[in-house]
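Below is one structure; the comments refer to it alone.
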């Protein structure tokens, strides 16, 4: 047996070791004073993992093409790493709360496990591995959603998530089975050659697609997302809305163009309609939300729609724009969730009303939140503006001006609800629900600094996009 | 003669029965069982396709095995969560878990 | 280091300096210093420009070009022609005077104010569609907070409406810009280079509409002007000044720099639609102002009318009328800034803007009142003040069209000057003249020194342009030559 | 004669000096400086007139225009630009003399009249501004320069009428004056636009070059609504002139403008600004004559109607300044008629010549009348005839000078009014007897109402005054005397020698049949007035009662003001502006708001789809998958 295949899996192995280390740390140190180092260790290890991700790595396939790694997948994994790292940094304060402290380690361990699943999703060269990756990524995520053991909402979120994810994985597997039936192989490379416009293939494809769309929370497969985002712990919500979504987008991007590129004209209109529906429905629901987490759930649904603009056309530009968009979206959304987490930890409030007058009580948090929502809304000179521009450009480059037009008009609606948050923080005066001045914990602050730096500089400095663009080049057939 | 189509009809019926069960059952556990039906129908599909169409490889069979394992894991997690729901709400009626909506 | 970049860097530096301290004195010092420096560099730029113009015949001067995003050919490309220089001077003057009108504001206000200035100056110096668009949005968004936080009345509604409408405009614009870029071949975003490329006619139609309406929303194009009355009425003094004085000019400037310049054929073909709209806007704004009772509403409608004239003149597509359009932008900018600054002075003392509750202010605050009368005269186009020069150039230019359509519209537009007289004199008569309505007003004091600086500086500019128009007119006229050439190519 | 530019610039400097220095100057000092400042342009004007007409006479035998100064002010396009300059020809020099003289007199007079008034410095500053604007208008080399100064005189008139800005009537009057003239100026502007488009120039000399005949040749081909471009242009320009010169139906502002200080009325609303319209028509006379003769006919009949109409109203007014105001309207209409009936070349240019002559003489005697009335008002503190009477004993100088002016306006020789009116009548007779007849009748009315005024102020009831009236101070009587002297002597100037439409001198003689008829009619008017008003009696009341319908209508100025009020208030304000404002707020803005609220409403309406139940989600999920599959398969 040739173990050299494993050497291709640097990152997975690294992550696996982190998983094991944390698991044993948790088992051994649980209940002891060493536990207080846990967060630092987790963050430290995750940072190492992130940093190592940026070192050059060999490209290639392993296990007969079941596993594929390339600069592109490494880049995608790096994006996931950064997101996870930031979530780790933000989760600490919440996990130290008395009712959770006994399970502090579990969070990191489970999250690491889901990340591993996402790695596999991104790197898979075979639908079986992809499926396994998706399941590894989603089953533990259900645990994360139900992590607040004593909160009804959390339990409800967990239940909804696990049921829906099971259903979707059933549907997806059903689709996969038909794809298998039609083509006799599960390997991407082989399947892409055999894609034919048979009803069975199309049926299989649509069923398979619904599974990923579910994870990306595209309309009409989005309905779980608001409930789970609202009910789950904030760190989980952040994780689901950014990292999990990103992984699914990456997987979709790769499969759509690598495997189903031959039937692009079939899924193009489908995806087009879903994209528009996602943007519009996400926006329409977001405008009247009162709970900030639910609000961000809908906002992230509509953001997913924007991301689809890049996925729609499998061009080099669309690919780079998508990754770039996700990269910026990651910083923006996590900045927002960092602030939400701080406030929630402090007061237990997730009402938008709690943000009234935040600028007067906690100006820095308010500013971070403002930058975050402005970036999400696409206001220059923040990263979101550039990412939106590039993603629209990628669509316009293919002449799809109608879609661009619809999307840009929808940014106005999204601006409305983002401005509602800004208005609450800056214009409204503090009400009785508002939080008094307080200090955020160090890790969270550091994470916010990273996010703000990301928001501010990913756009202005063109290096980021150029890097992504350079890596993405040539990987699309 | 039992052809592939017969198997597929069975599995499709199972799939839709599962879906139907998911949609109509009140009890969370029953819903979970419906999911198992869906997953099992898929596994039948894989096996059947493998056996009838592509007997030279074992891909479909392996997929079924993995699928069984994963559905077991899924059930484990789901039951854990359902227990938690029961502990908090004293109820496992799926229609009662609708605190969050709109 | 390019002198143009300085115009963006100075407000940026001011913004950063503001973040360092909080004391009122410190803030005032920094802001006055910053905007004074900005004004100075604008003046220096103008002088250098004239100097350079004499020896160079390039369309754009002080050009600098740095590659920014290679995949989309986005450059940080800056350069100015006479029109940009004029607009920069206008912005610098209004920005500077606005500082004095906002004398008692706190640091946060000025921070947003600086951001606004960054956007405005960046916009006027940009040659690259992307950077231009970016600065455009940078200029729009601070408005939300400036109005929302420091405004009066229905400020939240007004701020939201203003921001959303303007952003909707910029959404159209974004689509249009992408269209221009890709349909012209996707090789450059530089306006000057794009002007050499040809956009197929079928595409020009829709792109022109998008871009023109997109910019037109900010330029108060009927019927997309309704953000203006509410927005202006709710905004604090100096924000109204900057917004009506400078920001609305971004619309007009963009209309001709992008819409007309890059899509001359569509401009020829479609101008009639927009001419009708703007023609309506000119008269409609004036009529709308007549019965208003809020000083700021009056001025907002008047802005609709005057800015309508800008777009109207641009769409006339001839050299004289376009010169008039730029002059009108300049003139309206100064004049409306003056108006708002004085309304601010009055409001800060009487705490009302309802003209029915005021009267006889001339005796109580003579300085402010006299300035108001001057502003009124400028607005109704009295010779010797800038408004006359601009309006006359527009009318004379518009009348150069030989066909009845343009002529009849021109005549209709000229009727606005009578209506303007009606509402201006009505306001002046009610507010400044007559007996004192509210005896509490007798105790009020006249403008403070900082408010006086603001008013005097603006009046000086208005008078200079009004008395000696040929200087600025010449610069504009010459700079329009490339645009005209572009228009006559087709 | 480059110095002529200073005639214009000095008042401007005075304006700036007085307005910026008002804080530091004591009122008296400001007045004196202003007056001295006005003296210099006056002297320069006289010198200019002397040089042009007498000393140099280098333009002989043609009084051709000379541009002594010119600079480009604004360039519209490569061939169209506005120049600022000084053009001297006979009528502009005549106007220079008139304007500077009357202005100087008013400056001096105001030293006494306005003494102690609040805003004394402002008053003098505005007077200087007005003088500047008026002089600039007079010497304009091109029609656009004229328009510019035309607007400026309008503005200074506005400011001066509203001098007593705390009085609502004054504010309303100033507003009305400005807006009405502005409306008329709109016509002027459009006329300029049309004219300049076809001729490609604003320059008077080029437009009116009879040989080149620019206007006629270029505008012949185009027409609009059946009228030629030239007719349109010139008719619209006449609209501007009619507004400034208070021709029916744009005359409504002038009577109200009497709310301003009386010296201002004398200067602006009697002697100078209001005749600017006549001056404009005279300036463009060749164009009217050759390119748009129809418009000249229009001018004739509008003028004729206005003359009669205003005279009828003047008979019934009781406010002495109103009487004078309507008299002014009537007299200006005379000038208009004269222009309208004029021909070209030699004797045929008589109407033109005498129009200008009447303008010249009228300026002095009407200023005199106003200033005299001012002196009365100054001491009585009222404008109403009812409270006056028997003042001849108290104010001898005022009385005599006023009488001279009255005789002059009534056309009694040897006062100047006789000569100028006579020429107009004879020109009218040459044109059409009907016109002549109406003018003659108007002359009689003029004599009647002027002497009605005279008798009621200085004769009539001998009233007992609480404070005995007194003669005006020196500063006021000196201008009266000067103007009275001018009224006596100016009639003897051989005007036709200097002013004619073809700028070539010619000779005219008094047409005695016409003159006699005019004298007789004037005498009858005076006699009737004497019979009615010499002593207190109930004859006027009887007459008024007999003619009550007419009397009331005339007293209310034939309700023209009400018609205008109806048009502005009801139609423009309520009918257009109100609906526009409503439309904007509710329809245009409403649409925008509906877009916003519509989104929110939709959002509210569809919220139910998110039921919160897993099973709904599953239904949606599975159904969507099915539907998509089917759709993809089918499509």
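A, B, C and D are the chain letters, set down in written order, and residue numbers restart from 1 in every chain.
Throughout what follows, a residue touches a chain if its C-beta (ideal position, glycine included) is under 8 Å from a C-beta of that chain, and two chains touch if they have at least 3 such contacts.
Quantities reported herein were computed from a predicted structural model and do not represent experimental measurements.
Q: Between chain B and chain C, how many steps is the shortest route if every step has to go to a touching chain?
A: Step count on the best path from chain B to chain C: 2.
Q: Computing the C-alpha centre of each chain, which chain sits at the greatest distance from chain C?
A: In terms of C-alpha centroids, the chain at the greatest distance from chain C is B.
Q: Any chance you could check whether A-D or A-B wins on number of contacting C-beta pairs?
A: Between A-B and A-D, contacts are more numerous in A-B.
Q: Chain A to chain D: how many Å between their CA centres?
A: 78
Q: Measure off the straight-line distance from the CA centroid of chain A to the CA centroid of chain B, and report it in whole Å.
A: Inter-chain centre distance comes to 26 Å.
Q: Between chain B and chain D, what distance separates the C-alpha centroids? Give it in angstrom.
A: 96
Q: How far is the middle of chain C from the middle of chain D, if each middle is the mean of its Cα atoms, in Å?
A: Centre-to-centre distance between chain C and chain D: 37 Å.
Q: Could you list which residues of chain B touch at least two other chains?
A: Touching at least two other chains: 19, 22, 31, 94, 97, 99-101.
Q: Counting only residues that touch at least two other chains, what does the list for chain A look like?
A: In chain A, residues 159-160, 163, 167, 171, 226-227, 416 touch at least two other chains, as defined above.
Q: Which residue numbers or ranges of chain D touch two or more of the other chains?
A: Residues 596, 607, 610, 612, 614, 618, 622 of chain D touch two or more partner chains.
Q: Give every touching pair of chains, nothing left out.
A: Those chain pairs which touch are A-B, A-C, A-D, B-D, C-D.
Q: State the interface residues of chain D toward chain C in the complex, per the touch definition above.
A: So the residues of chain D touching chain C come out as 72-77, 80, 144, 147-149, 151-152, 155, 158, 162, 165-168, 170-172, 174-175, 178-179, 182-183, 186, 189-190, 193-194, 196-197, 224, 572-573, 576-578, 580-581, 584, 588-589, 591-593, 596.
Q: Hey, which residues of chain A end up touching chain B in the complex?
A: 128, 131-132, 135, 139-140, 142-143, 146, 149-153, 155-160, 162-163, 166-167, 169-171, 173-174, 176-178, 180-181, 184-186, 226-227, 230-231, 294
Q: Using the touch definition from the top, list the residues of chain A that touch chain D in their complex.
A: 159-160, 163-164, 167-168, 171, 199, 202-203, 206-207, 210, 214, 220-221, 223-224, 226-227, 266-267, 269-270, 281, 284-285, 287-288, 413, 416
Q: Across the complex, what residues on chain C touch chain A?
A: By the definition above, chain C touches chain A via 68-72, 74, 130, 134-135, 137-138, 141, 144-145, 148-149, 155-156, 159-160, 163-164, 167-168, 171-172, 174-175, 178-179, 181-182, 186, 206.
Q: Inside the complex, what are the residues of chain D that reach chain A?
A: Where chain D meets chain A, its residues are 596, 599-600, 602-604, 606-607, 610, 612, 614, 616-618, 620-622, 624-625, 628-629, 631-633, 635.
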